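I've put the structures underneath this note.
In the two complexes that follow, chain A is the common piece, with chain B as its partner first and chain C second.
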Partner chain A sequence: MCSDPQSIEGLTWLACYLTTGKHMSMYWALGTVLLLLAVTAPSALLFGFGGATAARSRVAPLRWLGKAYISIVRGVPDIAFFLFFVIALDQAFEWLRHQIKCPDWDKEIWQGNDFLVCPQAKLPLGTSPQWIHETYGFFLAVLTFSIVFGAFAANVIFGAMRAVPAAQIETAEAYGMSHRQTFWRVLVPQMWVYALPGLSNLWMVLIKATPLLFLLGVEDIVYWARELGGTKTPQFTDYPHGDWRMWYFFALLVFYLMFTKVSEVVLSWIMTRLTRGQATMGGEAQRKAAA
Partner chain B sequence: MSCWETIADYALRSQGIGERLLPRTDFTLCQQFTLIGSGMIWNIYFGTFALVSGFFLATAVALGKATRSVWLRKPSEWFIFVFRGSPLFIQFFFAYFLFLSLKSSYPAMAPFTAAWLGALVVLFLNTAAYSAEIFYGALLSIPKGDLEAADAYGMSGWSRFRRVVWPTMLRLAWPAYTNEAIFLFHATTLVFFSGFPAAQQSGDALYYASYFADKTFNPFVPYPILAFYFILLTLTVIGMFGLVNKRLNRHLPQDRRVKMRFRPNLIR
Partner chain C sequence: MKKLILSTALIALTSGAAFAESHGMTVRMGTEGAYPPYNFINDAGEVDGFERELGDELCARAELTCEWVTNDWDSIIPNLVSGNYDTIIAGMSITAERDEVIDFTQDYYPPTASAYVALTDGADYMGGVVSAQTATIQAAHIAESGATLLEYATPDETIAAVRNGEADAVFADYDYLAPIVEASGGELMFVGDRVPLGGGVGMGLRESDAELRDKFNAAIDSMKADGSLNALLAKWFGEGVATY
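For the complex of A and B:
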């Protein structure tokens, strides 16, 4: 059907146009966004949990570390962090590998404007195939997102841990539970309902941060929208068209709006489930409505 | 070249005044400080103008969302949903290409494809939507007693709004609105990474910071400088909004005043 694009018109043309190989790559890039969200959300939560636990630790240096992590990342424009961490993490990994793999390297690593490690320590290795390079780039992006969003999550979880009624903790202690038992059996199960409003806000923000992947050098949807939307002349493509970038970005806008809408619905459902049986205003309202 | 000469050459570089060529080799700390600081002019420009103009639209939209009339309420709700529900980054791209295609049919639209106007329009609409949501929330939490008191005094319409509703709304919204302002200033760093061209390499602070990071392969100098400037800017914004907060709360007894809480930003 699509073998002779010049002769087809209207909807058929559009259907053929929207299923070219490059468009398929763009739909894969949408998948990349979802994958990024799927990987980042739990790992940021993990970073956040670690940060919050550290920030309320009884060991002073650990507490300082946790608090510094939370406040430094939150104080600076996030996009600056994205640009910073990608280079900084890359260099940190290469430097570490350099120390291990080439201990007798006598040249300076910082040569004026260059950062040079021995060839064996390069990440990824110069000889690796293209997909390793792409995966490594994606991995760096995920790590960066996790560190930045981990700090935000840490702040939310830190607040939620403090919001658990003190009476609950005291009761646990009165039952003779150790510090660790109180933490895992009483504090952690109860904090989620307090953390959820903040975390769902964070999830919304995370969705809206995904186009920044473009700045991290990943071939994401923004890249493809610019690439595919640009004016195409008949010499280079079977589907010539004018400057359609506006429509591509309009489609992205709609994609994100739908995604936020769906998330809102799902999150409010989770909130209703978590509120059930809690000693909060929401829980009380649910109990009264049922009775 | 001494540091003073560098400052003379580059302090207004982001506005196209001064030395044309950016430094290419042997970057000094002074050059980085000066150029990144020069770029801050753009961030302050975008932030201030978007904030001031967005304030008025936000008040209107918040009132629109709170009215009973469907014709006013639905458009306000949609406006807020569209701008809060989609990434600012994509909004910038979309607006830029929209203006670009408008320009080809109406040459008068040409200024909109430049960052100084086009990006400002996007930031204006965006901050108006976020602030409108904050104001709407505050509008709903105005104490009933205040409104009843206004009615008892025989106030209605404009004077009721001007003397009771509006000041109370602002007072309740102010801490959250301060965060929104900080947030907006941070968001201005996206402008030159989202389609809008930096003509003659005159960009904002992040544009120069990433220029230096690209050229030196050393992110550990320019980004902390950028962070330093932004922390300074954030503190200034907090200070100024704090003064307004004090004025909005001046009629209340000490213990009932709304506390400012510093809750810095998230990406939008």
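For the complex of A and C:
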């Protein structure tokens, strides 16, 4: 029914228009963004936990490392991080592979502006299909997002660990728990309730940070909204239209608002769950309500 | 046992390399995908346009396997240089400034004319606000003329700026503007004279890729010689276009 778009009108036209291959790419990009969030959130949390644990370590070099990670990454603008760090990371991987795979390569790796490793060391290989390149770009994106948001999460968790009442730790030690036991059995279970407000803030920022993906060659929904919404002249498409960016961005607005709402509901449920039995005002209120 | 594992790994590695060589060379073609008729994304979501057809033909003649990649115009040169793709085929004019950073093939589109488009005949394109795409020869030209330059990341936004009154006129390649003016039904019109800019459009390559550049130069030569390049130009830009 969509073979001759000029002759159809109204809803049929719209249905055909919204199911072109190009629009499918946009829906696909929506999936990419959701997948990115689903993978990045836990890994950033892991980076954050690692960073915070390192920053309060009793071993000095580890503590310096954790503190340096938190303060340096938090201080560098995201966009600079995405433009510089990712290219450097990519080149570091390729340089390593180059050393292993092409030991008798006699040309320079850096020739003026050009970065040249042997073809076998390219990551992904130049011969790989496009989807491998895209997947690789996606994983670079996950790694970069995790490192950046991990630094912020580390700061939040670091603060949350210090917010756990000292009496709790002292009591644990008085019961004869070792340092490790105190950390895992008393400190970690109790700190989440202090960390959650900060972490939920980070989650909201992360949701909206995905257009940075385009800097890495991953086409996200904002790119597609701009591309699809732009004026289309009849020579180059079967579905010519004027400047429809407003409608596409409106759709994005609705999507992001709904996503935010769902996040809030889920986060408040988690908060209730975490507060249960805690020595906080919230926990006390829950106990009284139940009694 | 360790030796065995190591040698198997080595075989796996070398056989992978051999496979890559027997496969012929894959060239990744980087384009913008937002500049019709040169290059754009068609309804099916694929790269299409003059340069798609030209590039596929050039690859066939040079016996290369080609893969199309889109990239933002802003970062199209840095990503070439760092090796994310091997060529830029995105309506890029050959200029001395760009030639310092990357290499160009010979031109496959004769030196282009750029033009002003505005809403009214009397628009002040010499002293008013003129929109152009960032990092183009047009933007450089406006910056040196008396007009105030208003830059946008995509060509489409430069036109939108004229429509909504943010800019008095837009300055871009004539061939990009022509279909838009035609489709606007009298809303947009050409103003002033056309301005010849740049040294023709060529493919951009890394400076260290002389071999690949020679292959493409030879293929462009053969297309110029048998008239197929002229046929392609006429197909995408109309009969009035400058040919070889």
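By our rule, the second predicted complex is superposed on the first by the 288 of 291 C-alpha atoms of A that agree within 3 Å, B and C clash if a C-alpha of one lies under 4 Å from a C-alpha of the other, contacts with A are read in each partner's own complex, and residues count from 1 in each chain.
Throughout what follows, contacts are C-beta pairs under 8 Å (C-beta built on N, C-alpha and C of every residue); 3 or more make two chains touch, one makes a residue touch a chain.
This structure is a prediction, so every number in the text was calculated from the model and none was measured.
*Asks:* Quick one: chain B and chain C on chain A, clash or fit?
*Replies:* Here chain B and chain C cannot both sit on chain A without a clash.
*Asks:* Could you say whether A:P119 touches chain B, chain C, both of them, or neither, answering first, second, both or neither?
*Replies:* The second partner, chain C, only.
*Asks:* Identify the partner contact of A:V222: answer first if only chain B is touched, second if only chain C is, both if each is, neither if none is.
*Replies:* After superposing on A, A:V222 lies in contact with chain B but is clear of chain C.
*Asks:* Looking at A:K208 after the superposition, I want to know if it touches chain B, chain C, both of them or none. Which is it: first, second, both, neither?
*Replies:* Touch status of A:K208: first partner only.
*Asks:* So, does A:I87 touch the first partner chain B, the second partner chain C, both, or neither?
*Replies:* Both partners.
*Asks:* Once the structures are superposed on A, label A:S25 by its partner contacts, choosing first (chain B), second (chain C), both or neither.
*Replies:* second
*Asks:* For A:D243, select first, second, both or neither according to whether it touches chain B, chain C, the two together, or no partner.
*Replies:* both
*Asks:* Does the superposition put A:F152 against chain B (first), chain C (second), both, or neither?
*Replies:* Touch status of A:F152: first partner only.
*Asks:* Taking the superposition on A as described, I'd like to know which of chain B and chain C A:D78 touches: first, second, both or neither.
*Replies:* first
*Asks:* Which stretch of chain C would you flag for clashing with chain B, going by 55-63, 163-171 or 235-243?
*Replies:* Once both complexes are placed on chain A, chain C clashes with chain B in 163-171.
*Asks:* Identify the overlap between the chain B-contacting and the chain C-contacting residues of chain A.
*Replies:* 83, 87, 91, 113-115, 214-215, 226, 243, 245
*Asks:* Mind pulling up the chain B residues that touch chain A in the complex?
*Replies:* Interface residues on the chain B side: 25, 27, 81-82, 85-91, 93-94, 97-98, 100-101, 186-187, 189-190, 193, 206, 209-210, 213, 215-220, 223, 226-227, 230-231, 234, 264-268.
*Asks:* Can you tell me which positions in chain A touch chain B when the two form their complex?
*Replies:* 74-80, 83-84, 87-88, 91, 110, 113-115, 152, 201-202, 205, 207-212, 214-215, 222, 225-226, 229, 243, 245-246, 249-250, 252-253, 256-257, 260-261
*Asks:* Flag every residue of chain C that touches chain A in the complex, lowest number first.
*Replies:* For chain C paired with chain A, touching residues are 13, 16-17, 20, 23, 25-28, 33-34, 36-37, 40-46, 48-49, 65, 67-72, 75, 78-79, 81-84, 86, 101-102, 154, 156-157, 159-160, 163, 179-180, 182-183, 206-208.
*Asks:* Considering only the defined contacts, which chain A positions touch chain C in the complex?
*Replies:* Those residues of chain A that touch chain C are 20-22, 24-25, 83, 87, 90-91, 94, 101, 111-117, 119-120, 122, 125-127, 129-130, 133, 214-215, 217, 219, 226-227, 230-231, 233-240, 243, 245.
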